[in-house]
Amino acid sequence: MDLHEYQAKERFRAAGIPVPPGEIATTPAGAEKLAEDLGGKVVVKAQVHSGGRGKAGGVKLAANPAEAKAHAAAILGMEIKGLTVHKVLITPAEDIDTEAYVGVLIDRATQAPTFIVSAAGGIDIETVAHETPEKIRKLTVDPRYGLLPHQAYWLADFLYDDPSLIKQTTKIIAQLYDSFVNSGSSMAEINPLITTPSGEVKAIDAKMSIDDNELYRRPEVAAMRDSSSEPPAETLAREAGLSYVKLDGDVGCCVNGAGLAMATMDLVKYYGGAPANFLDIGGSSNPDKVVAALEIITADPNVKSILFNIFGGITRCDDVANGIVEAMSRIDIEQPIVIRLTGTNEEIALKILKDAGFPAYTSMDAVVEEAVKLAKGAEA
Amino acid sequence: MDLHEYQAKERFRAAGIPVPPGEIATTPAGAEKLAEDLGGKVVVKAQVHSGGRGKAGGVKLAANPAEAKAHAAAILGMEIKGLTVHKVLITPAEDIDTEAYVGVLIDRATQAPTFIVSAAGGIDIETVAHETPEKIRKLTVDPRYGLLPHQAYWLADFLYDDPSLIKQTTKIIAQLYDSFVNSGSSMAEINPLITTPSGEVKAIDAKMSIDDNELYRRPEVAAMRDSSSEPPAETLAREAGLSYVKLDGDVGCCVNGAGLAMATMDLVKYYGGAPANFLDIGGSSNPDKVVAALEIITADPNVKSILFNIFGGITRCDDVANGIVEAMSRIDIEQPIVIRLTGTNEEIALKILKDAGFPAYTSMDAVVEEAVKLAKGAEA
Amino acid sequence: MAIFTNAETKLVVQGITGRDGSFHTTQMMEYGTAVVAGVTPGKGGQSFKGPGGKSVPIFNSMDQAVAATGANASVIFVPPPFAAGAIMEAADSGVALVIAITEGVPVLDMARAHAFARDRGARVLGPNCPGLITVGGAKIGILPGSIVTPGPVGVVSRSGTLTYEAVYQLTSVGLGQTTCVGIGGDPLIGTNFIDCLEAFEADPETSAVVMIGEIGGTDEQDAAAFVKEHMSKPVVGFIAGQTAPPGRRMGHAGAIVSGAGGTAAEKMAVLEENGIPVAKRPADIVGLVREALA
Amino acid sequence: MAIFTNAETKLVVQGITGRDGSFHTTQMMEYGTAVVAGVTPGKGGQSFKGPGGKSVPIFNSMDQAVAATGANASVIFVPPPFAAGAIMEAADSGVALVIAITEGVPVLDMARAHAFARDRGARVLGPNCPGLITVGGAKIGILPGSIVTPGPVGVVSRSGTLTYEAVYQLTSVGLGQTTCVGIGGDPLIGTNFIDCLEAFEADPETSAVVMIGEIGGTDEQDAAAFVKEHMSKPVVGFIAGQTAPPGRRMGHAGAIVSGAGGTAAEKMAVLEENGIPVAKRPADIVGLVREALA
């Protein structure tokens, strides 16, 4: 779960990191009022779960409250990479001397939290890492000890020469690690971490991703979920216990297992089609899940055909087939549906489906080819 | 720093350990009132930093508030091993099925916190460990990981057979460890941990020692210090930055360094005397410390002679000699004083002392023998 | 022979009395796995009724189970809040192999648990993995025993059902398997592709290996370099997620293209560069394996 | 030769700009110790003015100091809140020997720091110790250089000034020393009696060892068993605290008789049982050493 900038800043502030003040506005008038309270010259920042806000025009400097109002009017309701902006953060414009990057994430190779810092902040850190790796310092945190004081110092020392800046940043890095751990985070970053002409170090942008598996034990973090900021279909999927990601194609996919779901999408493309979504219904034969999956898929107006690709495995295929048939009886679907079911008891399953009037397959290639053909036929 | 039972119970309660209610009374009337509030049948427990309260008559069961008042009247003001009782804890009398021991302390050999549990609770755990070691289970906590859930279970499983008791106790052990760490403790114990006829597990006595070195960063624990419960001389010594322990003899000792101070006490005994105290003035030549040391020693009415045993080491002996002379000029002392000073610049130091009229020695044996003789002479 | 398990494997099921634990214990026993004990705290002294009237003793803790039965492997079906603790308990009890099926374990818990297992010298497979099946030997986890058949192919995969798909296609044309291992879809897994490839290389019965990867991380790239440098046996690859958009998690917590890294295209290219033929679709795996074995 | 240090020892002083750090750096340099660097965060690039016009470069961190100077040992004078961190920093920088003088380090901090140093393979001496002095070689810590003289006796002690006393008496009768080590008075120390005895046994220049213990713990008892089993060289003992009451801390955090254990009488008896003559008073040490060397 991604946090909004303003939410990540709340977490950072609670850990003691110096973050300039800032409030959320949902209307242009609200933005104007907040700009007045903050002294006039502010930055208006779109709060959406997407990179590239700046390039998309979602971050604007306002010289006075009237400008803040105008910017907010432009930004609120704007679409950035398919996500609608419902909130803007109003925060004072800061005088900036230098911009650095400080981030921590879970590294697969070392199986531990890993810091990345760079004096080249304010820009995409992956680009820096790729093009000028010498501008990056990395540190693996031993999970048995946590971040040690000399390690935080070693990172800060890479960013600055001035002892006061190093000292402030050492503290910020330690606080960032605490916030990372105490939020159940998989990634936390400050980009940019700025220095001001008066020699202060501050975090003026903040990102944090929460490990979904931590939410059950961190209700205060879980409460930060902003369903209004994600596509409604993904909210529905999450609430139904499904993994769903919307894509741009027209072949709706309903698969059990994440790897098979990806391979199914890829096969749709292989046969000249375009998948409308990733959807993993898991190992269950529960008709409710199938109903929820079909509701989500059919709510996408692009979808022209729907394919099921189910590998029975431990779950018996006849159970799954019965689940699908029952689900189908509960909703009306316009698009053609083709089903592939294989594994334990597949013969019984195929009979159940055929009796219920659904085209049934045992080969993954055959069902995908057919679904692509149906989608193209619908277009023609 | 030792906590009182009621303070340790506050720490335990904050960690979630089930501890019966209880309040402090400083007067018999207060005890009566609290007993009424708690339903009548209570235990009145002296709050002093000393073992063996029970044997000394400092713990009494009261069947009703009037009895609680009478017991409090008897206990308040009582002396237990030289310590006066100023407070009693009033806590409900519990129905007890079984009594166990659960404790955690810092173990030197493994350099880690170590748990000790025994189903033979309510009595001295060292006796149990010595006489019936098979009734003890020990567990070393790896400080890199903390107490792991299965370790807490392993300890609880040694105490009980009933799954519900094991489950409750597993939780209590984990909470005790948290309290131990979060209090900066060197020892925390529940003795006894009881089970009740209704199947509950509760801590009805609590002990905790705080690592003095932790107090600077744990103001909420440091605030629990109860100077009224320690001999005034020890309070004075602590505030002056001295290590002081009162003993029963008549030769006052003022030494730099803990090991040398112990060896000096031992040598007093070797020569037939008895040391009045342990006192380490540290490595400083600051006259204020010497004054404080002498004030503390002379406040002990048993002291018949005073000896200084100073090994100059890095600190120059002449500085120390000057410090002693200046200190002596600031207070009046009746008892004879003999001084041994050796190390760097000892000749100059001896001259300074002799010029100021103090008998000065370079041999530890000689000065101790003389101090013992002087104390005996004073007796005769 | 095969990898990670053998005829001496004696398995404990942690969480044997739960819904998944009991179901899969029966499945494992039916396959022939030597399930010697179960662990559920508070249920020690009871026993689990397995298929064919077999009874499995239940213990309160791993140390009791290991002491009583000499178990040397465990499989974990306990719920996510307790899974990392169960892994550490297993590692502490002295078993050499710990297979964690549980999905949804917090990744920071796993960072600690993996460190602990390394300190104790235990191999962890998973978490969030389907386990492994040594064909004709031990089945540990949730892989369906019905789809495998004996033969010379080792299979290692980050996925569950996609593995079934690949194994099913191999089996349907008579290409049997030695061991099929699902290493799991989480970001922090205890046993990775290289560990499995190394074991397959050392296993005399394995003649070729199918490696099924997916987007996210660089495990497949690292494995490819390992294959080129250290393996004499042929390896055939497949990568799922060619159509996955960047920055979105595809079901598995680890299946995410971060920025420029971890795409399927990159992985496929690196595999090919290191001499590993890559199947364009699952159905092509069979053909590539046949060529490799020819 | 001697123990733990030699002609190759290159020392970093952590906290070189503090009051104690700067004073003792001068003392150590005057004795002849090769102080190659100092560390004080924020003062990197400055230099410390030592005796005889010698200048010691100051670095911000141990890794910088070690990289620039090839230092292989460090001594720590930083205040208690930062001391455990400084020990871990030193161990992480790759130095083999870390001598922590600081008194008052929280014991739970030290439990972690000792574990870290063990993981990194660094020897820690202390904390709360006077350090060591290799006579005619390196002096690391606060032991007064003026009281030692070269000779065949190794000295190891939990105490500071009591060690000075013993060394002073040895020196005054011409019994010189190889190395004098103060292992420290805290409950959790990095180097204990056995470590030192083992090193003295291996040191060809040491002919006899004086071991000065005190109440609290069982280090002396364990050392006595080690002496009996593993040492060919004679050891003479002394135990301080015969008159200490139970349950009271005698200055040192570790000097406390807990219940029935750790009394001076017990320790003296165990030493004698294991063939270690015990001096009744400091003045008797000299005589016992003479007998041992005879």
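Lettered A, B, C and D in written order, each chain numbered from 1.
Assume a residue touches a chain if its C-beta (ideal position, glycine included) is under 8 Å from a C-beta of that chain, and two chains touch if they have at least 3 such contacts.
Remember, it's a predicted structure, so these values are computed and weren't measured experimentally.
Steps from subunit B to subunit C, taking the shortest chain of touch contacts, total 1. Each chain gets a centre from the mean of its Cα atoms; the one farthest from the centre of subunit D is A. Interface comparison, A-C versus A-D: the higher count of C-beta contacts falls to A-C.
One inter-chain figure worth recording: subunit C and subunit D are separated by 51 Å, centre to centre, where each centre is the mean of the chain's CA atoms. Centroids of subunit B and subunit D (each the mean of its C-alpha atoms) stand 28 Å apart. Once the centre of each chain is set as its mean CA position, subunit A and subunit D turn out to be 55 Å apart. Shown for subunit B are the residues that touch two or more other chains, namely 144-145. Residue positions of subunit D with contacts to 2 or more other chains are 112.
Chain contact topology: the protein chains form a pattern that is neither a line, a ring, a star nor a complete graph. Counting only pairs that meet the touch rule, the chains in contact are A-B, A-C, A-D, B-C, B-D. Residue ranges of subunit A in contact with subunit B, taken from their complex: 144-145.
The part of subunit D that touches subunit A in the complex is made up of residues 41-43, 60-63, 82, 85-86, 88-89, 92, 112, 116.
Within the complex formed with subunit D, the subunit B residues making contact are 51, 106, 108-109, 111-113, 124, 126, 130, 142-144, 181, 184, 186, 211-214, 216-217, 243, 245, 247, 255-263, 265-270, 274-275, 278, 280, 311-314, 342-344, 364-365.
Residue ranges on subunit B touching subunit C, taken from their complex, read 145, 148-151, 153-154, 157, 163-164, 166-167. Only residues 23-24, 27, 80-81, 104-108, 110-112, 114-115, 142-144, 146-147, 157-165, 168, 185, 187-188, 212, 214-215, 217-219, 222, 238, 240-245, 247-255, 258-261, 264, 280-283 of subunit D touch subunit B when the two sit together in their complex.
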